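In the two complexes below, chain A is the common chain; its partner is chain B in one and chain C in the other.
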Partner chain A sequence: MSEFLQFLFSGIGNGAIYALVGLGFAIIYNASHVINFAQGEFVMIGGMATVSLIAGGIVPVWLAMPVAVAVAGGIGMALEKFAVEPAALRRGGGASVVGLIIITIGASIFIRGAVEVWLGKDFHRLPPFSGSEAIDIAGAKLDPQILWVLGGLAAVVAGLKWFFERTRFGKAMLAASHNRLAAQLVGIDIRRVLLASFGLSAALGALAGILTAPITLTKYDIGIMLGLKGFCAAILGGLGSGFGAVLGGLALGLAEAMAAGYISSAYKDAVAFVIIVVVLILMPGGLFGAKSSERV
Partner chain B sequence: MKRLPLGTGGLLALAAIVVFLPFVLPNNFYFDVAVKTGLNAIVCIGLNLLIGYAGQISLGHAGFFALGAYSSAILTARYGWPAPLAMLTGAVGVGLIAFVVARPILRLKGHYLAMATLGLGIIVAIVINREIALTGGPDGMTVPAFSIGGWRAVGAQTWYWIVGGALLLAVWLSLNLIDSGVGRALRALHGSEVAAATAGVDIPRYKTLVFVVSAVFASLAGSLFAHADRFLTPVEAGFLRSIEFVTMVVLGGMASTFGGVVGAAILTVLPQLLAGFHDYKHLAFGAIMIGVMIFMPKGLVPSLAMLLRRRPRAGAGP
Partner chain C sequence: MVKAGPPAMLLEVVGLSSHYGRIQALRGIDLAVAEGELLALVGGNGAGKTTLLRAISGVQPASAGTVRFAGEDISRASAAERVRRGIAQVPEGRQVFGPLSVEDNLALGAYTRPKAEIAAGLERTYAMFPVLKEKRRQAAGTLSGGQQQMLAIGRALMAQPRLLLLDEPSMGLAPLLVADIFRAIEGLKRAGVTIFLVEQNAHAALSIADRGYVLETGRIVLQDKGPALLANERVKQAYLGI
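Here is the complex of A and B:
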């Protein structure tokens, strides 16, 4: 029993991260129909920027995290402004799906390269937020940082729900995701929606990176795998569904932890991809995706 | 007079380049880069049939490349098979795998297809990383020389001619395929699957066919790579390698056989040139990927061809 609880805790902790990254994919996909393969890099930026800000003594410790989130948000908006928008909103038809995928992958290589040059290739660690003393539950040890991660996820979900349902700009973003042309006709500025979606997703990614940095350490290249698994979470839940991305992320995290614990830890990283391939073959729209029919 | 197949001029030009390039290559290092260029180009020619002509994306072709490479490496090194037989077995095996997964996977569209192919590629990479007893794991494995009877293919210059010949063969096959009924069916289903199906094109059959062909191209290139380089690591199966192949195709030009070759040449040679920038290599590589996509979304060869001809053609050139 204690063993099972142990796997459960670690699975939920990782799952919450995949959920936060998956949410980022969903928000950008809704606003722009772009899959942002640089999403994982924002997780890395969040952790690395916080570590560097604290180590460099540039800002006080309590300010380092919000500044790091803001930095990531800024980089996200720059990515939209200078790389995605020129291609996606080109006159005479936007870039193809493949073209946009290559642009965001190019951006992820660029960001990784920049961090490698400026901050080095070492592992970094943030101190835990509330001590490193594990909480004992029925014989299993719960890292208190996991509670912070879960709390962060809950806060983000509640915040996003409020933003998209109660604020004027949030509603505008939702409208644009349903029908871009109709949204433009009622005066919604699509460029601002796109910019905001990238900024918001990047900030969410960075938050995930900061919350987990005390558990998993951070390094210039951790974003690749996290990004891909976040993409798995978003697809598993059905692209564009924020609720689906959260459930998909938690499900992947749990499956991964159980498989690593009971089957084979060597193949832990393969679990998410095996699940996604099987699910896509059986249910081509993801678990919570709407059944769509093609309009001719 | 019988009509010459599409792209005959380009094929002759490429043959001339293959024949005359050795006169200007100063040393073995450059021959080695040329060999890698040729092998990447073969993968890209196959991948371009899938992406450029049939309009289906694959973010997992490095998986097929690595399966071919490791089949050759493992069968020759661990079981003492003759190299040509190992290569053939690898290609048949990869073809079968591609055939089995093609139907369920190619039903998917857009990002879902991207995810599924990406997932398959990563699963292959993880298996190669973990099955250390067979593959040597992350440390890699050495591969015996390619030999037929008493003749052993060693040295960059020998491999230059082998790969050069294979490349011309691949281009010839691709041009013929595109110029046939299959090519027209692929372009039709790229334009509109519904319209193509209405016109009697068996969509799943053609998608499966082109997927298998592109996977076998990648597998054969992988086998040749294993014997040419004599050393193999799981990096060849990685996600970034798959991305590299797709980027070569898109950079050179989708739906252009020679575009794939040009894209492969640029992206294989470019890192060698950027090597002088050391730490800034990745930064520059990423920036170039973004820049080309923004300013030349159709890729180099079609963009340049359009400039030269001043005769805009929708979508497909040779």
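Here is the complex of A and C:
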């Protein structure tokens, strides 16, 4: 029983990170139909920027995290403004979605390389937010940082729900994702929607990177695997569904932890990719994929 | 030609051309819509009617020509800027935001207006189309075709436009509903809205129009008063099936 609980805690902790990364995929996909393969790099930037800001004494510790999130958001917007938008909205026919996806792959290689050159190849660690004393629950150890991760996920979900359901610009982003032409015809500026989607996704990714850095450490290339896992979470939940990305991420984290615990930890990473293959074959729309209810 | 007084043209399109890749969809369109007028543009499938309206709204790039609105050149203005200046469009196929509620669809129609205007705009729209009030919490995608058309018209009116572009509002609707929609359009004209109506249903459109244009393969081939076009032999043969 305590063994099962231990796997459960670890699975939920990782799953919440995948969920945050998956949400970033969903937001950008909705706005542009682009899979942003640089999403994992924002997770890395979040952790690395926080570590560097604290180590360099540039800002006080309490300010390092929000600044790192803002830095990542800014880089996300720069990626949109200078790489994606010029290709997507070029006069006389923009690049295809596949072309834009390749641009994001290029951007991820560039970001990873730049961080490697600038900050080195070492692992870095952030101190846990509230001590490293594990909480004992029925014989299993719960890392308190996992509670921070879960709290962060809950706050993000609540914040996004408020943004997309209560604010005018959030609704405009939703509208643009459902029907870009009609959105333009009511005066919604598609450029601003794209810019906001990249900024928001990058900030969410960075937050995930910061929350998880005390548990998993951070390094210039952690974004590759976290990005892929987040992508799996988004696919598993149904691409474009925020709710789906969260459940997909948690399910993926749990499946991984159970497989690692009861089968072999060597197969931990394989689980995500086996799930993805099975989901794509059996239910290509994912668990909560968009169900069309259009009447014409 | 000598004109008395300043030109009262709200919209002036001069030499407008547009391409899809190498295919030219519009070939030097000249037309004008006067303030308060109901102008109809008729033409067959593929004549370029929708392309023309999209070019006027700024969602389809023009390759040549100018668009002037209220005396100012808006050829380079973004789609959002044109909505702010007062051009709203009811697009072909209604294009409502399916998963969003009816009320959210309408509120988004006022996206370029101050938030404080939304409540009054909703009141006006619900007075015009009471069925939308009944269904205001429903997802727009669950409405019938006629109701979606009303919603699309209501959404465009929420922007308080000076010029309303209507693209095939009768498409795919049962005859009774078509009559409803055209009654609503006439009501808007009486209320002083300038309307540019594009239709395949030439008879219905020309019957309520002050003036009309006929578009064929990207060119304006005829223009006249609405009733005169209805009586025109060429129009009768090509579009009215008489």
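Definition applied: the second predicted complex is superposed on the first by the 290 of 296 C-alpha atoms of A that agree within 3 Å, B and C clash if a C-alpha of one lies under 4 Å from a C-alpha of the other, contacts with A are read in each partner's own complex, and residues count from 1 in each chain.
Here is the rule we use: contacts are C-beta pairs under 8 Å (C-beta built on N, C-alpha and C of every residue); 3 or more make two chains touch, one makes a residue touch a chain.
Given the structure is predicted, the values throughout are model-derived calculations rather than measurements.
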Chain B versus chain C as contact partner of A:Phe231, first or second or both or neither: first
Partner, of chain C and chain B, that touches more residues belonging to chain A: B
First (chain B), second (chain C), both or neither touched by A:Gly74: neither
First (chain B), second (chain C), both or neither touched by A:Ile105: first
Touching partner for A:Pro127 - first (chain B), second (chain C), both, neither: neither
Contacts of A:Gly139 with chain B and chain C, given as first, second, both or neither: neither
Partner chain(s) touched by A:Leu280 [first = chain B, second = chain C, both, neither]: first
Touched partner set for A:Pro60, first chain B, second chain C, both or neither: neither
Set of chain A residues, in rising order, touched by both chain B and chain C: 294, 296
Chain A residues within the chain B interface of the complex: 29, 35, 83, 86-87, 90, 95-103, 105-114, 116-117, 224, 228, 231-232, 235, 239, 266-267, 269-270, 273-274, 276-277, 280-281, 284-286, 294, 296
In the complex with chain A, residue positions of chain C that touch it: 21, 57-59, 61, 78-80, 83-84, 88-89, 91, 93, 95-100, 104, 107-109, 111-112, 115, 139, 141-145, 148, 155-156, 159, 172
Parts of chain B lying in touch with chain A, wherever the complex brings them together: 51, 57, 59, 104-105, 107-108, 110-112, 114-116, 118-120, 122-123, 126-127, 130, 192, 194-195, 239-240, 243, 246-247, 250, 254, 279-290, 293-294, 297
Sites on chain A touched by chain C in the complex: 91-93, 168, 171-172, 174-175, 178-179, 181-189, 292-296
